Structures are given as structure tokens and as C-alpha cells.
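For reference, chains read A, B, C and D in written order, and residue numbers begin at 1 within each chain.
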Amino acid sequence: MSFYERMMNLDRRWVYLVIGVVVVVTAIWSFAVPMYVTPEARSVYDFVDGLVPGEVLMIGVDYAPEVMAELHPMTYAITRQCFAKDAKLLLCCLHQNGPGMVEQVIAQVAEEYDKVNGIDYVYLGYKPYPAITILAMGQNFRIPFPEDYYGTPLDSLPMMRNMTNFDNVKAIINISGGSGTEYWINYANGRYNAKLAIGVTGVMTADYYPFLQSGQIFGLIGGMKGAAEYEYLAEKAGYISREKDQLWASKSMPIQTTTHIVIILFIVIGNVGYFMSKRKK
Amino acid sequence: MGTAELIWNGVAAFLVLCIYSFLYKDNPFYKFAEHLVVGVSAGYFAMILYYNAFLPKLIHPLLAGQWWYIIPGILGLLMWARFSRKYQWLSRPTLGFVIGSGAGVAIPLYLQNYVIRQVHATMLPVGFTSWPLITNLLIIIMVFCSLTYFYFSKQHKGAFGAAATFGIWTLMIGFGAGFGMTVMGRVALLAERVVFLRDYFAELLSALF
Amino acid sequence: MRRTLPIAVVAGVGFFMLIQYFIPREEFETLYEWALDWTMVIGAFAMALGLYSLTNMMLNKVKRKSEGWGFSLVALVGLFLMIFVGLVPHYQESLRYGTLFMDIFEYIYIPIQAAMFSLLAFYIASAAYRAFRARTVLATILLVSAIIIMLRLVPLGPLSAVNQWLVNFILTVPNMAAKRAFWLGVGLGATATALKIMLGIERGYMGRD
Amino acid sequence: MRIKRLFGIGFLPVFLVLCIFLFLQSDFCPAQEVGEVDILEESSTPPPAAPTDVKAVDTPNDNGHSITVTWTLSVDDGAGLGNVVSYEVLRSDAPDGEFEVRGLAPAGEESFEDKGAKEKGDANYLPAGVDFYYKVRAKGDGLFSDSEVSAPAHAYGQWYHTGKTPVVVAVLAFSTFALVFITLARKGKKLYIRPLAGIEAVDEAIGRATEMGKPILYILGLGSADMIATIASFTILSRVAKKVADYQTQILIPCNDPINMAVAQETVRAAYLEAGRPDQYKEENIYYLTSMQFAYVAGVNGIMLREKPATNFYLGKFYAESLLLAETGSLAGSIQISGTDEIAQIPFFVAATDYTLIGEELYAASAYLGKEPILLGTLKGQDWGKAVVMIALILGALAATFNFQFFLNLFRIQL
């Protein structure tokens, strides 16, 4: 068998072995992969990066623990970046299984950055019926959320003193694993013209590109890949760090990148073998 | 991890390795795991059916006096006629019930979800003046040509053949994309298993020493 | 009788399931729900046949001492162990988390399932290696489309922007069109098959004698 | 033959008459769904004006446990004081009785569906045929004001779902196509059918198995017997088994569902009988393995490597296991013919098997293999269905471009 024919007819166990070795090795020695960042993820990052101390960013977190792997890294990275810029955060949760999870994130990150509840951030908590809740918040946050998650009346929270509705936040970022996104687009942006960006799961990504084109959202973070892009930017700017174990989505990205490269290489090897052995004949 | 959990997880880790050994070649370890999982899963499924279908959907309603549940009882018992070669045919009405209901449900649902809804979703405004309008036009041309590919009663020749060829190209681009998109999810599953094994052995070592 | 009755059942049940879709009346809704329940009950009865078939096959291998009969024994042990621990505590108890029944499921079935699933990462690579050869135009299109999609996870420097544009285009235009055309074909084909079943044109599945 | 004709003739007109009858009874009205009670905090701003013209009617197209309430927006909704946030819908069984809150609609909405449970014991039970009275409360950033009480309304179930009319039309049109071409085919009209590679390969694949003295493995997929893709697989199995019997080779069918096993046994036995070799039929070759996805795959993979079947058929409903099966089969050196209507699995079958029946081709396969004129007639019917779809696509694109909504609405299904 000639060299090229051998290239064409590798025993499939060699393929298995290479894939196995690559996965195990990259799982042990994790490294940063230089990453292409899509413009739609970059625009979210750039917006948060342009916040001036004291400005308020709102995050609507609408997902359940099932899709945590993809969406949690986005919530963490944006929260950290926002606090690092000394901007203020307003959070709410419109998914019934999410409120406790969001509380954990904000409490943990606030502690890291020495931020105070009620002054630097407010967590409104959960309300059912997302459409009505979003519409009511467009009028006044106090209508659906007279009190915050911890039971303090909004009026007694210093940060909320001059805040009425969406007009008082610089932008809203909705991170969602389901239909919640539609409500934010239709009501928060459609009815109150709030500036909106979204973070969604991988399978949802393609469905939301049209909203980007029509300008209803100014940014989109799509799935694990989008989350990794965001972390990549945030890590480069020093908002999050690998040593402190603050990168989540990026963790599996080296494995993904290397296996994708290996598979593509195998396809190339097979084809080179095929063409060269054909030419010889 | 407690000792019991450590042992259970050890069983799990062993079985995972048994399955992976199949990558090299068929071997007794794989055969063991394979036969074990076939038996265990069949038993599990039987019990699930017993507790979630047999008892609540037949026995409990009958005991509560809902006599019409006799009907599925009879249909089910007729299935047991299959134990005898001679009376096997008695089970056919039951099979007919299952297949008939499947066929009847399918007609409106398939026409609704796979035909009318898809047609409706593809009725897009087209034009040459903006990129979204151009892509809409492309989508409609591609759907049209892909449908010609599925024609059975016409020879793929001339203009019709050209359309069908473009159609199968479109389908192939779609299938290629599907393949490419799936790789990520599958690799994630493998990475997750590798991490499971790594963590288990780390745990085991720290428990032993 | 042996063939006519079952075909009549298929047609009758099928016709009912078809029209009930268009009738929102509560009576029809209830009948529909019963039909679904009954199918589950039939499944539970049929499971006895399944278990008999599986046991029979495995026992035969053991009896005949055919190659690998020991593994058949493993399957039998797994099966009856599961049924035993499933039945003994009785009444749903065994389906609760933490029972032996659930432990076996959790630490034997689940890890094997996850391992089998993750084998796909290896298989997807070897399938790509063997199948993606530019032998024909169609194969080339398939492979190019798959590679473009896979390249989205590979850093390509300035070329990444071009590739990302291509990825978005493929996913939103040809991929979308391929799916629509595929579903339209499936919708029509499935309806035709269901009609053939209900009209009794296709009935080879219902025995002959 | 008698039965066939009976259903062929009887089925369509009965259905037609029924549908027309039901269609005439009903009227069109879209239903809307909105969430339920939510408690709003009160503060001190002037109350918004009350909504007017409150009407309650039976919700159309339902089982008779729901009433739809409509109203005209408060003058302060989006205009005037502009302080309406939501509308609360209240219900009572007497005009001057106690009103209870039934739900909430956001500002800008003009209707609400008061959907009750159908079970008598349920707290939310809404009986059919009982009169109810409604009023609507405009709620603002503070106080609220109530509308007048509506005229009484009661819920009742309908005999026809008007929102599904496009589906009825499609069912009738498609059945007509199929029946017309079946009739034509029966009269002996010749129909051209283009060759399909996957079908042409079936004979060769079975012949190969005979030569090698190895069995054929037929996988029905992971569907159950009430799934249409599985049913299609049974119809193909019936043709394949006939050829297998003719060639005097063996067919192995490990099943994932006991009902599938029973149907497969009936199918194969009938095929052997038809081929005149009932003695060759072995029931023990069609057996149940397990119903759990990956355990089933593990078992089938083992069979493939140990029995080394010459040919593997994968026809029916397949999920993630498609590639596991197809790769192992190719490792065992079998010829593989696959087909499914799951689009996510087609790429893997295309890559790892020799021939793939793509979507509709799976449903056409039994007609191809059987070559009976009646079955080929249904293929022609399918093609006419496609022709109608293609024309609709072009007209629809034109209608969408020139904003001709009427045409687009013909294809809208309202559930």
C-alpha cells in the first residue's frame, strides 16, 4: 500500500486514539485559545465597558438551572464587568426556577467587589407573567416589585430613589433560555423603546438574528461559544481571571477547538490521500 | 463520598471503561456491560410500565368502578394470545387499535405542522433592494428546488432536472451544517465523561491513601 | 374475520382519531384521552410478551451452551434482579430516589448510557474522516458545508469574520430552506402512508392467514 | 378487495358532508390567552377611567369551559392620563353578587379568556351552560375604577374548530389526490416512477446476504407502533421480508418495543406465507431486546459484531443512536441502507451508511418495492401535493411582497 493509500485508509482506531488523547490532554492542561469574537457579542461587551460610574445597567435573568452551563457564564461575566466599571446593577428574574440562582450570583460577585445591596445593586426578585411584569416595569418598577427580593420596600433603597422605569437604565440585557426573550423584545423594546441586548442558548441563536438586523436588539451573545467569546474579552481586559476560576464557558472551549481542528485535519488527510492516490493511477 | 457511594461510583466508572473498551474491539468486558445493561434496563422499563401504566391506568380505575376500563383490559389480554401459535391472530385487533390510532392522529398533525405551517412560514416578502429581501428570495428558490428533488413521477431532466440538482445541493448544505453543528455537543459529552473519570480516580486515591 | 376485523379496527379507530382533531367538544376530548390511556395499558400487557421473548432467547443460549452463554446469564440476572427489587417494596415505593431499584438504575444504566452517548464524539470523527471525501459534487458540498461550520470554533485570524458570515448565511438560508423542504416532503409522505393504512391499501403488517 | 372498495368509497363523502355541516355551524373569532391574578401595589395618583362596553361571550373552538371577555380601552390607556397598567377581570354568578378576580391583562389588551378547569372537583372549575356576569377594572399606578357589569354569558363546547379549517381543506384535497390517482392506477394507467438508488440497492443487498450465507439485520428504529415513521417501516419490512423469503435467507429483527415485535412477527410471517415458504419462518429471530435507547444500541452493536449480518436496514424513527449503529455496522463490513424522517439524523446516515432514504423517500419506499399500481398511484398523489405546495409558495411570496394579507391568512392556523 502506498503512503497516500495508507493516508486514505487509516484504521479507525487511530482516529479514536487521537481524539481520546487530545480530549484528555486538553482536559488536563487547559490553555487560553485565541478566539474570534463575533461583532454581536462584542457590541454587548463594548456597551458595558463604556458605562460611566454611577450609571445603571439592568439584567433580566430568565433561565432555569437546566441551561446554566450555557447562560450562567454570561451572567457572571457581565455582572463582574459591570461592578469593575463601578456601574450600578438592577436585576430581576422572570423564570420561576431562577430566583435563588440569581441571588447566589449577585451575592457572590458583590462580595468580590465590595458592593453594597441597595446602594450599588438592587435585586428585584421574581414575578410570574413576564409580559405583564415587563409592561408594568415600563411604567414603574414599584408596580410589579413594591419590595426587592429581600423584602425591603424599593423606596427605602438609596439606589432606587431616582429610578422610576426603563428610562432610568442605560440598557437592559436579557439572558434567557426560553420564550422570555420575546417578551423583552416586544414589550421592553417594542413598547417602551428600551435599549436591549440578549444572551440566549445555542439552539435559540439563529432565531434571533433577524432582530439584530432590524435593530430591535443591539447585541447578542449566543450559547456556549458566545459566552466564551465574552469571557475571552473580559479576561483580556482583566475583569475576570483564570487563576480565580472565574472562567466557565472558556473551560471547555480548548477541548472544543482542538477536537474540531483534529476532525478537520483528519478530513484533510483523507482527501489528500484520496487525490494523490487517484493522481498516481 | 461515603464508602457506599465510593463503591457505587466505582461500579459506574468500571462500566464506563468497559464501554470505552469497545472502541478498540469487541471484548468480554464490553459483552458483560452490554448484557448487564440490556437486562437491567428491560427490567427497569417493565417496572415503570407496571407502576405508571398498568396500576394507575387499569387496576385503579377498575377498582374505582370505572367499568369501561375493561376495554383496554380485554385489548391487552388479547395481546397474550400471542403466547399461542394457534390463536396469535386474536391479537390483531389490538395491534390494529394501536396502528389505527397512530395513523389517524398523524394525518391532521403532519399536514398542519409539516405542511401548512411550513408553507405559511416560507411566504416571505422578496425583492432585490435589501439583503433580507434577497435572502428571502434565496430561501424560497431553495425550498422550491428541494421539493422538485423529491418528485417521484417525473424524470429529472432538462430545466426540471437542473432545479432538482440545485435542490439536492441545498439539502446537502443543510445536512453538512447539521453534521458540523452536532460535533460540539458530542465533544461536550465526552469531555464530561472524562472529567467524571478523572474526578472519581482522584477521589478514590485520596480515600485510599 | 381474521383479517377483516383488524383492518376494520384500524380504519374505525383511525377515522375517529382523525375527526376528533377538528371537534373540540368535551366528549371527543375524553374519548381521545381514553384512547391514549388504553394504548399505554396495551403496552403494559405487551411488555409481558417482550420479557418472555427476551428471557426465552437468553435461556436458549444458556441451555444450548452457545458461544458467550455466560453473558446471557448476566442479562437474565440483571433483568430478574431489577424486577425483584422493583416489586418487593411495592406500590411506587421502589421508584423513589435512594432505593436499591433506583440505585441500580442510577449507577449502572445512567453511566453506561452516558458512556454510549459520548462514544459519539469518537464516531463522529471517524465518520467524518471516512465519509467526507470529495468523490462527487454532492459529497464535496456536504464536506465543505460541514467544515465551514466546524471552523467557527477554530481561530483563523482575520479570516474568522468571513467564516462567521458564511456560518450565519448557511444556517439562516440554505439550512433553513433544506429543513423546510424536508419537512414538507415528510408531511406529505407521512399523510400518504397514514391514508394507505387507514384505507386498507397497505396491510402486509396485519398477517395473511 | 371488498373492504378496500368499501372504505375507498365510503370514507370521503361521509367526511366531506360532516365537515361542511360542522363548518356552517360555526363562526370565526380568534382567541387570546393571558395570564392570571397578580396583586398590584397602590399609591396616590388619580384613578384611570373605567373601560367601557364590556361584553362576555362563549370562547369559540373549545370544550365548553371558557368565556371570553372583551372591552373598549379606558380613555386613560395610552392617552389621557396614560396611567393604565393593567385590567383586572372579575366574575360573578349574579349581577349584584360577589365578584371574584379571574385574571389580569396588560394595558393595551382588549380581551381576556376566562379559562376554567373541566373537572368538577377542581377549584378552578367553570361549568358549561351556567350564566356568569363580568366586569373589568382598570388599574393604574394607584387607584382603580370598575366598568359596568356585562350581560350574562355561558360556556358551551363547539362541534367544529374553525381555526383548523386550513387543515380540513388540506386533508380533503390530499385525500382526493390520492384517491383519484389510485382509481386511475387501478384502471391500468401507466405511471412513470423515477429510480431511487436506495431502493435499487435492496435486491442487491439481499442477494449478497444469500451468497454470503449471512443474515439480514432489520432495525425498526426507536419509535413505537403508533408513530407513522415506524408504521412506514413495517410496510417496507413487509416487502423486504418477502424478498428475503424468496432468496431463502434469514432476517433478524431485535425490537425496542414489544408491540413493534408483535407487528414485525405478523408482517414477516405474512411475507413468508406469501412467498410460499411458511416453514422457513423463524419467530425467534424477531425478539424484544429492551426499550431504553442506549441499552438497546449496546445490544444491537453486539449483535452486529457477533452475527456479522451481510446487510443492515435502519428504517424508521432514529435519534442520537443513528451514528452509533451505522458506524458499528460499517465496522462489521455490512452493506447498510438507512432512512428516517428525523432531519437531525440524516447527516449521520448519509455519512456512515451506503444508501439513505431522505425523509419523504422513506414513505415512498414501500410503494417502490411493492410496485403495485395502487401504491404507485399514491406516489403520484404525493407529487400533486408537492405541486400545490410549490404554487402556494410562489403565490405566497408575491402576496407577502405586495402585502396581500387575505391570501396569507388562508394558510393561518389558529389553535
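In this text, a residue touches a chain if its C-beta (ideal position, glycine included) is under 8 Å from a C-beta of that chain, and two chains touch if they have at least 3 such contacts.
Treat the numbers as computed from the prediction; the structure is a model and nothing was measured.
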item: Leaving out chain B, the still-touching groups; value: one piece
item: Chain labels contacting chain A and also chain C; value: B, D
item: Pair of chains joined by the greatest number of C-beta pairs in contact; value: B-C
item: Geometric centre distance via CA averages, chain C-chain B, whole Å; value: 3
item: Whole-Å gap separating chain A and chain D, where each centre is the average of the chain's CA atoms; value: 34
item: Centroid distance [mean C-alpha coordinates] between chain D and chain C, Å; value: 16
item: For chain D, residues that touch 2 or more chains besides their own; value: 164, 167, 171, 174, 226, 228, 231, 234, 259, 262-263, 266, 288-292, 294-295, 298, 306, 343, 346-348, 350-351, 358-361, 364, 379, 382, 385-386, 389
item: Residues of chain B touching at least two other chains; value: 19, 22-23, 31, 33-35, 37-42, 44-45, 79, 82, 88, 92, 95, 98-99, 101-103, 105-108, 110-111, 115, 119, 122, 140, 143, 147, 150, 171, 174-176, 178-179, 182-184, 187, 190
item: Overlap residues in chain C, where contacts from two or more other chains coincide; value: 7-8, 11, 15, 18, 21-22, 39, 42-43, 46-51, 54, 68, 109, 112-113, 116-117, 119-122, 124, 126, 128, 130, 132, 142-143, 146-147, 150, 153, 171-172, 179, 182-186, 188, 190-191, 193-195, 197-198, 205-207, 209
item: Graph class of chain-chain contacts, one of line, ring, star, complete, other; value: complete
item: Contact footprint of chain B on chain D as seen in their complex; value: 164, 166-167, 170-171, 174, 191-194, 196, 225-228, 230-231, 234, 259, 262-263, 265-266, 288-292, 294-296, 298-299, 301-302, 305-306, 343-344, 346-348, 350-351, 358-361, 364, 379-380, 382-383, 385-386, 389-390, 392-394, 396-397, 399-401, 403, 408, 411-413
item: Chain C residues touching chain B - in the complex, by the definition given at the top; value: 2-3, 5-18, 21-22, 34-35, 37-52, 54, 58, 68, 71-72, 74-83, 86-87, 91-92, 94-95, 101, 103-122, 124, 128, 137-138, 141-150, 153, 169-188, 190-191, 193-195, 197-198, 205-207, 209
item: Touching residues (chain side chain B, partner chain D) in the complex; value: 19, 22, 26, 30-31, 33-35, 37-42, 44-45, 79, 82, 88, 91-92, 95, 98-99, 101-103, 105-108, 110-112, 115-117, 119-120, 122-127, 136-137, 140, 143-144, 147-148, 150-156, 171, 174-176, 178-179, 182
item: Complex contacts: residues of chain A adjacent to chain C; value: 8, 10, 12, 15-16, 19-20, 23, 33-36, 38-39, 206, 209, 225, 253, 256-257, 259-264, 266-267, 269-271, 274-275
item: Chain A residues touching chain D - in the complex, by the definition given at the top; value: 12, 127-129, 131-133, 135-136, 139-140, 142-144, 146, 187, 191
